[in-house]
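Next come two complexes, and both contain subunit A; in the first it sits with subunit B, in the second with subunit C.
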Partner chain A sequence: MEILNSKKGLLVSGLVIGALIAVLAAAGNPANMAICAACFIRDVAGSLKLHTAAPVQYFRPEIVGFVVGSFLIAVATREYRSTAGSSPMTRFILGFVMMIGALVFLGCPLRMVIRMSAGDLNAWVGLVGLVAGVATGSIFLRKGFSLGREQDTNRAAGTVLPVALAILLVLSVTTALFAASETGPGSAHAPVLVSLVVALVIGAVAQKMRLCFVGGIRNVFLMRDATLLLPIVAIFVVMLVYNLATGGFKLGFEGQPIAHAQHLWNILGMYAVGFAGTLAGGCPLRQMVLAGQGSCDASVTFLGMLIGAAFAHNFNLAGAAATVATAEKAATAGGPSNAGQVVLVAGIVVLFVIAATNLRRRKAAAGVAPTAPAVPAEAQA
Partner chain B sequence: MRDVDARGLSCPEPALMAMDAIRDSAGETVRVLVSSATAKVNVEEIARRNGRAVETTREGDDYVLVIS
Partner chain C sequence: MGSRTQPCVVVGFATTDDAMALADEAARAGLRGRLIPIPRVLSAGCGMAWREPRDNEAALERALRAAGVAADVRAEMALPV
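Up next is the complex of A and B:
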């Protein structure tokens, strides 16, 4: 598996993931939203009736696949490790704000790349915000920001999220318990088995090759290293080719599927995602991969995202997609409501408070053995 | 020998700690402890990019990287 982390390996992995995303697009997932960690968690929240926005309710098997795929490969390669205790409630808030930001923009960083590859210039505007957010987080990391060490915990604890998601998937397929959209993005989806298998593979590959949309940019700022951007560029190129080949490419700000052209809010939404993701140690997709390999802290971040998605739709905080005029309705510009704007700005303020109140003297600790090792010596035997 | 205990820390803290330790080591051997494969790969890359040799062994669930 070491090969996956070479430059060639990262590039090839990105091409494979890009091709798998194209499969989901062709198999029925929403336009420009073949995969979106944030939107799909929101759809899951809707299916579980944590919110009741009718167009965005569907138990997305992809979410299960990312976590369980990472879990299975981590167990198979002896990298599964049940850990917890690195500021879990702070991570919950980071997940919450990350989701509010993503839903104001209408997409996680992965969907942003997919939208960029389809010619959606609003996503390129969002990229400006994402880069600025990651840069802000990186400044605090450089100053010594840390959420503290996670500790080894009961081995079963790390299995809770993958097992719970697997059980919920079985229930969603075998019963009519969960809500499912009849119109809107939630109604557009690939067959369950296709979604699941593709996501299992992506979860497994991502666990092995450090795919992270926040980490790729962060390493450029912190280490002058662009290596982790390779798979992201590869995904962009594959989806660009797919969109050009299938007529899905349309350059412009207006008329893009499930998007709006409120530039300030696209920038601020992705700024929150970049900032929160940098403080939490990874983008929404990466959080699911970490949760799969046993991190209970990343599972808590996932719960923060899930509840954030519920709040976003229960309180009308999410950005509305722009709509074109029809015989019955005038065109709308879309974007977040006033409440959404206020909560997003408040969320960004909270990120600054979290960043400023968790500065530790990492450098001092680097030269000497810490007084409280993460793993007791006897546990290593 | 400089010891850096980066176990249990989130990305990219282990890599940043290793980077600082290598920079301040003046050629001295640096031993870095990490607790995840991701941190291991990141620290190995930092060492190589700084022109240093790195030898990694697994101790229990942790990784020990000796950067010389």
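Up next is the complex of A and C:
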């Protein structure tokens, strides 16, 4: 498994994940949205009737797959560790704001990369915001930001989210309990089994390689280390080839699937994602992987994202996709409503408050620090 | 055929704050190492670690004490130069 974390391994893993994303694109997931952690959590929230936006309701097996795939590989390789207690309510808020930002932009960082690979220049604009957000978060990390140490907790606690999601998936497949879109993005999806298997593999690989779109950029700012960006570049390349080969590549700002060209709000949306993700310790996908390997704090962040998605659609905060003119309707520019703009800016203010109020005062010369037991030398990088 | 490696002491931290505290102390304590993403063999998390040439381990110990931080995990590893 350690081969996955060499530079070559990270590149190959990224190529594999890119190929799996292409499978989902070909199998029926929405255009430029073969995988989107934020959009798919939003769809799950809709299917559970936490919001009632009819076009975005579907219990996405991919969300289950990411968490359960990480859980299974962590258990199998003895890396499952149930932890909790690192400012859970603060993490809930970070998840909430991260989701508002993502839904104003219309995508998580992974979908941003997929959109970039399809020629959507709005996503490149969003990248500017994401990098700026991570840079801001990194400044606070450098100044001593911390949400506190996770503590080991009851071993069963970390299994709650994976098990709950698995049960909900069974219910979604075997009953008509949950809502399902008949039109719109929620109605476009790959077959359940394909979605689940692909996501299980991605969840497992992502756990092993620590795939994180926010962490990759953070490492550049804090450690001048770009290693974690390698799989992201690989995913971009695979999807670029896929889009070129299938006619999905279209360079420009206008006419992009499920996107808008409100540049300021694309930047600010991804800024919130980058900033909140840096403070929370990972992008939306990484939060699900961490939850799978036993982090109850990441599970709380996931719940924050789920509720944030419900708020975004119940109160019309999410960005609307731009539309072209038809015989019945004029073209629309899309973007967030006034309420969405206000809540996003307020969310960014909240992030600054969280960052500023969780700076630890460092004590120099505080005496002898206890040291950890040595790890066997055979554990070579 | 592999890249050149250097014997190092690697210490990981429970929080980013601890890693930054050591980084702040590094120059004063005469450390020659740097912050790195914590090696995957040491943690499934995505925290930070400090790598220090093994021949400078005593300075690392002094820096840890001066910064008032504890190593969450520690290992001796051969890392690429």
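Note that the second predicted complex is superposed on the first by the 360 of 381 C-alpha atoms of A that agree within 3 Å, B and C clash if a C-alpha of one lies under 4 Å from a C-alpha of the other, contacts with A are read in each partner's own complex, and residues count from 1 in each chain.
Convention: a contact is a pair of C-beta atoms (placed from the backbone, for glycine too) under 8 Å apart; a residue touches a chain by one contact, two chains touch by 3 or more.
The model shown is predicted, which means the values in this text are computed figures rather than measured ones.
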item: Which superposed partner A:V241 touches (first subunit B, second subunit C, both, neither); value: neither
item: Touching partner for A:R210 - first (subunit B), second (subunit C), both, neither; value: both
item: Touching partner for A:D152 - first (subunit B), second (subunit C), both, neither; value: first
item: Contacts of A:L48 with subunit B and subunit C, given as first, second, both or neither; value: neither
item: Which superposed partner A:E79 touches (first subunit B, second subunit C, both, neither); value: both
item: Residues of subunit A at both interfaces, subunit B in one complex, subunit C in the other; value: 5, 79, 81, 141-142, 146, 148-150, 210, 212, 215, 219, 222-223, 225, 227, 281-282, 293, 362-363, 365-370, 373-375, 379-381
item: Of all residues in subunit A, those that touch subunit B in their complex; value: 5, 79, 81, 83, 86, 141-142, 146-152, 210, 212, 215, 218-219, 222-223, 225, 227, 280-282, 293, 362-363, 365-370, 373-375, 379-381
item: Complex contacts: residues of subunit C adjacent to subunit A; value: 11-12, 14-17, 20-21, 24-25, 34-37, 39-42, 44-46, 48, 61, 64-80
item: Subunit A residues touching subunit C - in the complex, by the definition given at the top; value: 2, 4-5, 74, 79, 81, 141-146, 148-150, 207-208, 210, 212, 215, 219, 222-223, 225, 227-228, 281-282, 286, 290, 293, 360, 362-377, 379-381
item: Touch list for subunit B against partner subunit A, complex; value: 2-5, 7-13, 15-17, 19-21, 24, 35-38, 41-42, 45-46, 49, 59-62
